[in-house]
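Structure record follows, encoded as structure tokens.
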Amino acid sequence: MQTFFVQIKCELGRTYEVAEALADQERHSEIYSTAGDYDLIVKYHVDDGVDLGQFVGRHVHSVEGVRDTYTLITFKAF
Amino acid sequence: MQTFFVQIKCELGRTYEVAEALADQERHSEIYSTAGDYDLIVKYHVDDGVDLGQFVGRHVHSVEGVRDTYTLITFKAF
Amino acid sequence: MQTFFVQIKCELGRTYEVAEALADQERHSEIYSTAGDYDLIVKYHVDDGVDLGQFVGRHVHSVEGVRDTYTLITFKAF
Amino acid sequence: MQTFFVQIKCELGRTYEVAEALADQERHSEIYSTAGDYDLIVKYHVDDGVDLGQFVGRHVHSVEGVRDTYTLITFKAF
Amino acid sequence: MQTFFVQIKCELGRTYEVAEALADQERHSEIYSTAGDYDLIVKYHVDDGVDLGQFVGRHVHSVEGVRDTYTLITFKAF
Amino acid sequence: MQTFFVQIKCELGRTYEVAEALADQERHSEIYSTAGDYDLIVKYHVDDGVDLGQFVGRHVHSVEGVRDTYTLITFKAF
Amino acid sequence: MQTFFVQIKCELGRTYEVAEALADQERHSEIYSTAGDYDLIVKYHVDDGVDLGQFVGRHVHSVEGVRDTYTLITFKAF
Amino acid sequence: MQTFFVQIKCELGRTYEVAEALADQERHSEIYSTAGDYDLIVKYHVDDGVDLGQFVGRHVHSVEGVRDTYTLITFKAF
Amino acid sequence: MQTFFVQIKCELGRTYEVAEALADQERHSEIYSTAGDYDLIVKYHVDDGVDLGQFVGRHVHSVEGVRDTYTLITFKAF
Amino acid sequence: MQTFFVQIKCELGRTYEVAEALADQERHSEIYSTAGDYDLIVKYHVDDGVDLGQFVGRHVHSVEGVRDTYTLITFKAF
């Protein structure tokens, strides 16, 4: 399995709308709204073969209200 | 419970040493080594009353090899 | 109670309009116009149960003239 | 009276030591430890005649463990 | 008296138009066009009671061609 | 196979020394000296099971003259 | 031959569309989708006489969905 | 004589169009397309009395396709 | 005459020491301590023939407690 | 021939020392001290076969007082 995080900057005032849309997809393992430079952090566990770039493009960038994203790849869990 | 993440920039070549030291403390819920501006992301679940600033100072900043940290507070899980 | 600050960058020339709109809501504890990268700093005291992300989205991002915000979570008062 | 904030980045692991040293001076009106780029935010109310630059140099920069500061001047309270 | 500087980033090619509009207001003490990140630096001397935030909003942000500003508060003249 | 790039900022004047040390390890697929914010870009192809964080820590951060690195993970080759 | 990389930031959700358009041109030697600040990294080998600035303008900037690019010139392969 | 450089960020794909428009003005001493954060660097020699801010506003900012500029003043030639 | 500003970042707690040392040189026209990224702003009027780079190196960089400087060249006074 | 620029940040107060040392090498075509983020800009014309990375490492990074450099590659002269 691949674990990765996507930090999401949302259009002003649409953070919770974006979070709920992502949650409805039921692809995530966790979604939190956060303080700081980004508004949301989403954790995904996906099969090894999955192309993460395409996954983010297809399932995150396509959500209304998403302004920018930063994909955080994990190497190893301790 | 409070959930928060701490992103950690380590001294060059000491990422895994820091990760193991944190893991040995057994306070974390997850620790991953990551690509990008930071080397580790650690997720903590702690009781509501805990002072997160003190927690990070006492249990993360005190670990040898930690160079800088960024605490990511979560508001709500979706 | 939770104490947090919201720093607000306003559309050019609308700082005082935004400040007054926030003041009219009477949810704040203090609002100051400031020099530097942001135009306003607002301090809030809210109940422990309140979701700060939603609070900011609903009561700050919804105000006309707000361009960007940075939420500053406090851990402990000395 | 002049109101201003000083955001303080502390040496790793010394945030609470710095906060207590500032608190002991009893010049502040509020001190909070915070998440984000800075570790502390201190609010001061001082007489109009006070030179804020000198005040910060004398009473904040002189405290052991302070690494960098950003002074946030307020114009008006709403 | 309060002395402060306002650094102004202008819309491309409108620096001199903005400078002349500010000069016509005759509120400034000095205006220079500059190299670097900003296009103009304006020095103001105003009475102690003046709210600098409102002053900048009313007299600088209102000028056509102003894109962004940074207010530089002075503490003491040597 | 996993393909990833490591951009390397070297200590002043040691770029070629670092490049040769990396080349001598014969783990790379390509190494180039580059203009811009980093001095070298190294491309690696490694087996799927390899922990890239550990790989970089062990084989890149350990090289004398390396000052900072940025690991660029690839998702898909087109 | 000249070797250089072009890192490409794409409009939200159009990374794979851009990658395929570049691939169809068959001028590249490698194209990868990546994590981090840019979405794609493209490697080109071109004849010594080629003007790289014009090449990027003509063949990369002209592709629909490209938002910004950073050209990474290589000096030497090790 | 005054020597100064103007670094120019152009709208995507318009670098060579801007360069040729500047070249046609025949005010420059050298124009190069470059890699990195800016797309062009132009060197000018002008009489001592010339107001460089006005010169750039009038002759560079007025060119179609220019997005941003940074003026680099020289003090002394060695 | 040439007018230029030098913004100065001082070592922690030495701003006033630096300001007084510069004032003692009596080369300045104005010196202010300031809030924001820099601690001091100094305005100089010098003869046209003066090499500003050398002037700053000789008279500002040589002062104990100066950490970094940014020279702001003016083109025209309005 | 290859034309490229090297922008140089010098240790505080050593700009002219660095410039003279570079000038003494007589490899440059032009050297200017400059305002802004860097202290010097040096233009070089070298044969096509020269490895610019090695050239900068050997002839610029080796000069006492050089703190950091940014190599600006040119593509085409207009």
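We call the chains A, B, C, D, E, F, G, H, I and J, going by the order they appear; numbering starts again at 1 in every chain.
Definition applied: contacts are C-beta pairs under 8 Å (C-beta built on N, C-alpha and C of every residue); 3 or more make two chains touch, one makes a residue touch a chain.
Source: prediction; values computed, not measured.
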Reference interface E-I: repeating pair among C-I, H-J or F-H with over half of contacts shared: H-J
Higher-contact pair (C-beta pairs counted), H-J versus A-F: H-J
Distance from chain B to chain A - Cα centre to Cα centre, in angstrom: 20
Between chain B and chain H, centroid-to-centroid distance (C-alpha), Å: 47
Euclidean distance of C-alpha centroids - chain G vs chain H, Å: 26
In chain H, residues with contacts to at least two other chains: 33-36, 51-54, 70, 72-73, 75-76
All chain pairs that touch each other: A-B, A-C, A-D, A-F, A-G, B-C, B-D, B-F, B-G, C-D, C-E, C-I, D-E, D-I, E-H, E-I, E-J, F-G, F-H, F-J, G-H, G-J, H-I, H-J, I-J
Contact set on chain D toward chain E in their complex: 48, 51-54, 73, 75-76
Complex interface listing, chain F residues touching chain J: 12-16, 33-37, 39
Complex interface listing, chain I residues touching chain J: 4, 51-54, 57-58, 61-62, 66-73
Complex contacts: residues of chain C adjacent to chain D: 3, 5, 19-20, 22-23, 30-36, 41, 70, 72-78
Contact set on chain C toward chain I in their complex: 35-36
